[in-house]
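If you scroll down you'll find the structure; I have some questions about it.
Naming follows writing order (A, B, C and D), and every chain is counted from residue 1.
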Amino acid sequence: MFDRQVSASATVSDQRTEHISGHTERFRKVRKATLGLVKDLSSEDMSLQSMEDASPSKWHLAHTTWFFEELILKPFASNYSCFNDHFNYLFNSYYEAIGDRHPRPLRGMLSRPSSDDVIDYRHHVDAAMTQLLSGIDSADSAETSQQVLARTELGCHHEMQHQELLLTDQLHAFSQHPLLPRWAPELPLSKPHSGTTASAMRWVGHAGGILSFGADTANESATPARAKGFAYDCEGPRHQRLLEPFKIASRPVTNQEWLEFMADDGYRNPEFWLSDGWAAVKSADWNAPLHWRQDGNRWLRFTPHGVRELDPLEHVCHISYFEADAFARWAGARLPDEFEWEAVAADQPLEGRFQESGIWLPERSEHDAGSGIESLFGSVWEWTRSAFAAYPRFRPLDGALAEYNGKFMCGQFVLRGGAFTSPIDLIRPTYRNFFYPHQRWQATGLRLAKDD
Amino acid sequence: MFDRQVSASATVSDQRTEHISGHTERFRKVRKATLGLVKDLSSEDMSLQSMEDASPSKWHLAHTTWFFEELILKPFASNYSCFNDHFNYLFNSYYEAIGDRHPRPLRGMLSRPSSDDVIDYRHHVDAAMTQLLSGIDSADSAETSQQVLARTELGCHHEMQHQELLLTDQLHAFSQHPLLPRWAPELPLSKPHSGTTASAMRWVGHAGGILSFGADTANESATPARAKGFAYDCEGPRHQRLLEPFKIASRPVTNQEWLEFMADDGYRNPEFWLSDGWAAVKSADWNAPLHWRQDGNRWLRFTPHGVRELDPLEHVCHISYFEADAFARWAGARLPDEFEWEAVAADQPLEGRFQESGIWLPERSEHDAGSGIESLFGSVWEWTRSAFAAYPRFRPLDGALAEYNGKFMCGQFVLRGGAFTSPIDLIRPTYRNFFYPHQRWQATGLRLAKDD
Amino acid sequence: MFDRQVSASATVSDQRTEHISGHTERFRKVRKATLGLVKDLSSEDMSLQSMEDASPSKWHLAHTTWFFEELILKPFASNYSCFNDHFNYLFNSYYEAIGDRHPRPLRGMLSRPSSDDVIDYRHHVDAAMTQLLSGIDSADSAETSQQVLARTELGCHHEMQHQELLLTDQLHAFSQHPLLPRWAPELPLSKPHSGTTASAMRWVGHAGGILSFGADTANESATPARAKGFAYDCEGPRHQRLLEPFKIASRPVTNQEWLEFMADDGYRNPEFWLSDGWAAVKSADWNAPLHWRQDGNRWLRFTPHGVRELDPLEHVCHISYFEADAFARWAGARLPDEFEWEAVAADQPLEGRFQESGIWLPERSEHDAGSGIESLFGSVWEWTRSAFAAYPRFRPLDGALAEYNGKFMCGQFVLRGGAFTSPIDLIRPTYRNFFYPHQRWQATGLRLAKDD
Amino acid sequence: MFDRQVSASATVSDQRTEHISGHTERFRKVRKATLGLVKDLSSEDMSLQSMEDASPSKWHLAHTTWFFEELILKPFASNYSCFNDHFNYLFNSYYEAIGDRHPRPLRGMLSRPSSDDVIDYRHHVDAAMTQLLSGIDSADSAETSQQVLARTELGCHHEMQHQELLLTDQLHAFSQHPLLPRWAPELPLSKPHSGTTASAMRWVGHAGGILSFGADTANESATPARAKGFAYDCEGPRHQRLLEPFKIASRPVTNQEWLEFMADDGYRNPEFWLSDGWAAVKSADWNAPLHWRQDGNRWLRFTPHGVRELDPLEHVCHISYFEADAFARWAGARLPDEFEWEAVAADQPLEGRFQESGIWLPERSEHDAGSGIESLFGSVWEWTRSAFAAYPRFRPLDGALAEYNGKFMCGQFVLRGGAFTSPIDLIRPTYRNFFYPHQRWQATGLRLAKDD
């Protein structure tokens, strides 16, 4: 009995260690990946804030660290010594419940702490987090442990979201520089361009029906997060919906197709546009996707890999909801809603071009994909026509974390599938990204749909 | 046989005449009601434009007339003589397909035509319309007739929408005048205020299920509009949805309850608010509903009947979506979605306080309503948490009328049930009104809901 | 002796009566002239406010009346019965010392009082003023009488200033109307245009020296205003300045010359422009004077007499200081300063085209004017390069009237000579008008100058 | 003869060398001083741009270098190799004649070139300039040499102006940082504060008369710049003016006096303010000078030496023209005009606290200064009531340099005397600084004046 008990206990302990070390491993991996993104940026590069929507890369480095410090170390690590008392004010993003914070439009004014200090801050917090995670099974009660693990997981996902923002914010900042700096390796153009056409876009039917959607978040707090896989509160609860039959495009829209839209007065004919979209076209003077630049008769694109000739086979990227919607109307189609997208995604493997590839460009649709669905995950975020809203019986997380998603459920549209800017671990079929319909500095594209 | 044919023909003809005269009757009634709304306004009053969202009453009088002239008389009345060639430019609202138009923010600059000229314009168009409607069964082909009748009906509903806007726009214009002019008869306050409490708010359950929603608009163009009753394109097609069980409040929220929200720091505590809502509170410095005015310790309300002491039993009115949503969160509840509202409305009689009552104030909930639902129709528009979006298989109307609703499906929220400002004939259970979440110059209130 | 004394006394008394009746006469004349300006305007026309700088004509009618009521009748007419207690709030313009007032940008919201009520208000105040002025030598002490007379004179000049604003504000309001309403009689074009050239512009030299400038306002309060002729506080005190020799153009710049400036990239070449002026050109997209309209290859001008073909011989009008300054630099000249202008004006007869002519257009320079100076008074206001500033020992008027001119001595430039919009009695050689350098809705032109 | 000629030639040559080496010396001194100002700033600190009016310190380092490269090396140094072809675009400030340039509000976006690259750029240009200056008497013709020397002198003065801007821009940038970084050494407070009063302010009379003002710039281009001492084009030509008798205060206004103004509702009573000033107070919510911070009952000031307790004896600093003018009106005085100031300055020694002192604070007026004038030079810039305008017969420099001062003669007011932020070599009695009346981020104070 004794042996057995010991043995049983040992087994549990081993499992727990493994469990914990999995968490530590993931934590380290995510933290390391963030630093990898800035390795070719100078401290001056990392300090740029080009618009209110964007933040300096240095701020992303610090804010993601603040998240672990404020939500895990301060409440749960008894001996934790705060790195700098001012950082809670400087690096809180939008959590009203946690207190006042530095105004968002002034993030670019934070020349201090320096980027070196921020790296030190990261190491300080990483060390404390590692220690906390390693000791979690001895002193703390089970419930606290669960909470630390759950919040660590949340913090890792939070940081992956910021990795994506860091890439697109830095690209936007550099796009304001007249010399258009390149910070990722130069990449060859895919050849030959002329004479090659994209894979034909096919319509793939779906029968609809009463289906289940979303993540099972209902009992989140009671069980280890890992058991069912991580999901944000807004991805649940899992629930049923009645879906009508529809058709969805086999692949995202390409630059070539976008050029046809432009050639057909896409940006000049109000009949394609939502009323607010048309107002945006006129006030912002849009005539092409963001980061496109005209050079005589040809189009170029500014990317992290520098200015590149426009690749007609690449999926179109950096478009607003307004543009996606107008294109769809022009094409005699519509955008899918988020449930149509999720119904299709349920059967697809989670693979595609993500941030880890180091190729920070959308995929190309050169070869025919047979009868299947192409590039549903990765490549470009796909705008859906679903307003970001609560699922039935939605319950936000408790405390300050209630502000994570719920307070943004107004005026934004859902995007699905991830992009070349997304870490692969961030993405799953139920993941809901959301942005305002005029925003286009993210890696946003579209896939068409139709009523059946 | 011959006789019988004749007889049959006569019968058809009789029915048609009756049918047509019904249209003429409705047309006349609607047109007359509009003039009734301005009978106590001076030409200067009718020229005011207090903000970009609002239009002068004179403009409403002219624009509703333009609708009949441009969409019916010009295409269908062969001998129609245009009243003034410039009016198409001056009084087009937002139909891009019909051509350029006077910029919306400059509608208040149109001192010419005078209000007298606009009344003449109305008479000119009314006469031509009456003639067209009376002669509709002789010269025109059946299909044309159907189109005239359908567009006349649409024009009447369009004008009823503008009647409502005229009331709220004029109220807003007068609210910018330091002397707060009254233009409807003074009304006694409901007595006694002290010691009276509102009817208790009860929760009424609904079982949910797979239910049908919306209007049957699918075959609209093929059949006489009247057959199934009028509905806008965005109200259909009729379709099924899966609804989860829920509870809905027996009546709208009252001023008394709103005062409690205010007393509990409703306008000062960010935790109740959507992120965009909180930004609106701070930038617009909201601390009470629109048209409320503080006078020492008591609150007054500016209404068409003048400045009145705040009636605690009245349904709260002139609140934005942001405020409605924050109140619901404060109250531990939520707003209903538009399908929950419609499911409840299916069983309710279409009665309540509408514009025709001449009492341009929300209803009071003084007496207990038994087990039923109170004030679902009329009184105040009820914000739902549904973004205004297309129903499955939604098809906009053809031509310029495609712009009627479809191009606004972005960023707005649905309101249901009508208000004291709405003509009763405008309202039906499937009617979807929509406004931006920051707008509050309409007669907008709220009813709470809850998950079951 | 006795008789003679009596006789002398009688003479004095007669003079006083005459003196007083002269005031009454002037008061009546000015008041009547104001109404003459609006006789062809509807109440809706009179209610328009097209920009913050401008006011509705109705407001001008009321505000000029308020001036007499507030500054003369209320303090000096013992039995005066206020017409409407609210009008002090509604029709105060900018006198902080007199109390709160209706915000300037909302003057167009005052549909009430109606224009008829405002006319009644005028009659009420006119009657009280006439009575006060007629009784001034009996009951009141001499000092009070002097004050009433001085303020009445000030009030008349104040009203003449507003007559000018009324004309230009109404023109601006109508310029926002797509149909460009005409409200003064149509006038024939001066013929023939082709083949006629303007009078040659000649340079007229001035020797400079130590000269006296300004009006003798030093002892204003101690003596009857009429004795030395009326002047505003900012026109004095009379003082000496050292002037260097200079040359001044014989006439204002014409439309023909302005077209040459435009043809030579006047609006496209930054080297002609002040830094702030160039910013204004780009942000407001100026490419011609205000109220010019291009119709294919020809230019038209919108005027109170309707849209007219551009007359190349007319003096250019409705230009900003920035434009005047740029033109002068382009022409290898400069603007005169206000003392150069005044030194020249000292020898010139006060004649020209003023408001009373009913021809609300600038003069033409068709015939050669011999060796003299043309159109120094009337026609168009002439921008000088003098910032509006205090003369040495400047003392503002007492009390609320201190705000009349002194508080505007910042950022504005002086204009001299009056225009077709000015009542002739408003103008004298020392009169200083002032506007911001970007403003151009007044009847503003320019005359060139040069160092000698 | 030959010997003598040689000898004479040698003498000339020696003189010229000395002359040139004087220029080189000054050039080196100025260039070195600029680097001294940033020695305690990080590259991130140097990249901050906190408002459109201000520029990053790194930009100042580069732009002053660009001036030498573009206006001297490119046109005059035959073998000069441009450091980087893009820098003309990046670092042109406002010279329209030199071509397009990076938009001013985006100067903070220039993370590249790095601050290290900019230092290299400085060294590159310094080497080329030194070589050019050393070789100036051999290859180049005399006229070219004169132009190089004149432009070098201009470039040094230009750089000294930017040294001052660098200090105030950096202070403003840090003032947007919630932690208010200090970058100059901490300095002790002057003790004791309590019980010490400022030197009494006395009125010093001046008899006025016909006097000469300004610098003799008339023949600038024909003679070596150094002969008469450097002056900007706008400081001349020297000319006569008639000045009336006046009195001027013996010293600038102190913080103590400013506190009295504040205590007497200085920021709340419109009667003290210009109309535009009052609008600025209300819109910007001013209630104290810039960089003042309230801490309970006491006031602190943010300075380059950190946050310091307000020293009541220091001259008040960082006030706008509007505030200076309001204070003067409150005090029953007025601001001097720039000629009154210059008439007084003609007799004063050019000494005071300048940038080289390393004490970047205004002077204190603790000890009585006898009968003299205190702190006329240095300490704080003194607002005058003179609009910045051309002197009689003003001629701007030729070419692009015409834009140096002339195009700013609109809407700005002249300041005189320099401040603790100014290099002493920048300042002379005729020096005219100018800013807009709302601007207050420079080291601006005031000295009172009065009519005699």
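Please note the rule applied: a residue touches a chain if its C-beta (ideal position, glycine included) is under 8 Å from a C-beta of that chain, and two chains touch if they have at least 3 such contacts.
Just so we're on the same page, UniProt names per chain: A, B, C, D = Ergothioneine biosynthesis protein EgtB.
What you see is a predicted model, and the numbers here were worked out from it, not measured in a lab.
Novice: Considering only chains that satisfy the touch condition with chain A, which of them also satisfy it with chain B?
Specialist: none
Novice: Between chain C and chain D, what's the gap in Å when you average each chain's C-alpha atoms?
Specialist: About 40 Å, centre to centre.
Novice: For chain A versus chain C, what separation do you get between their C-alpha means, in angstrom?
Specialist: About 63 Å separates the centre of chain A from that of chain C.
Novice: How big is the gap, in whole Å, between where the Cα atoms of chain B centre and where those of chain C centre?
Specialist: 49
Novice: Two or more other chains touching the same residue: where does that happen in chain A?
Specialist: Not one residue of chain A touches more than one other chain, so the list is empty.
Novice: Which word fits the touch map of the chains here: line, ring, star, complete or other?
Specialist: ring
Novice: Among the chains present, which pairs are found to touch?
Specialist: Contacting pairs: A-B, A-D, B-C, C-D.
Novice: Contact residues on chain B for chain A in the complex?
Specialist: It comes out as residues 94, 96-97, 210, 239-242, 244, 270-271, 273-278, 321-322, 325, 334, 385-387, 389-390, 392-393, 402-403, 407-411, 437, 451.
Novice: For chain B, which residues count as touching chain C in their complex?
Specialist: 42-45, 47-48, 50, 86, 89-90, 102, 106, 108-112, 114-115, 173, 176-179, 181
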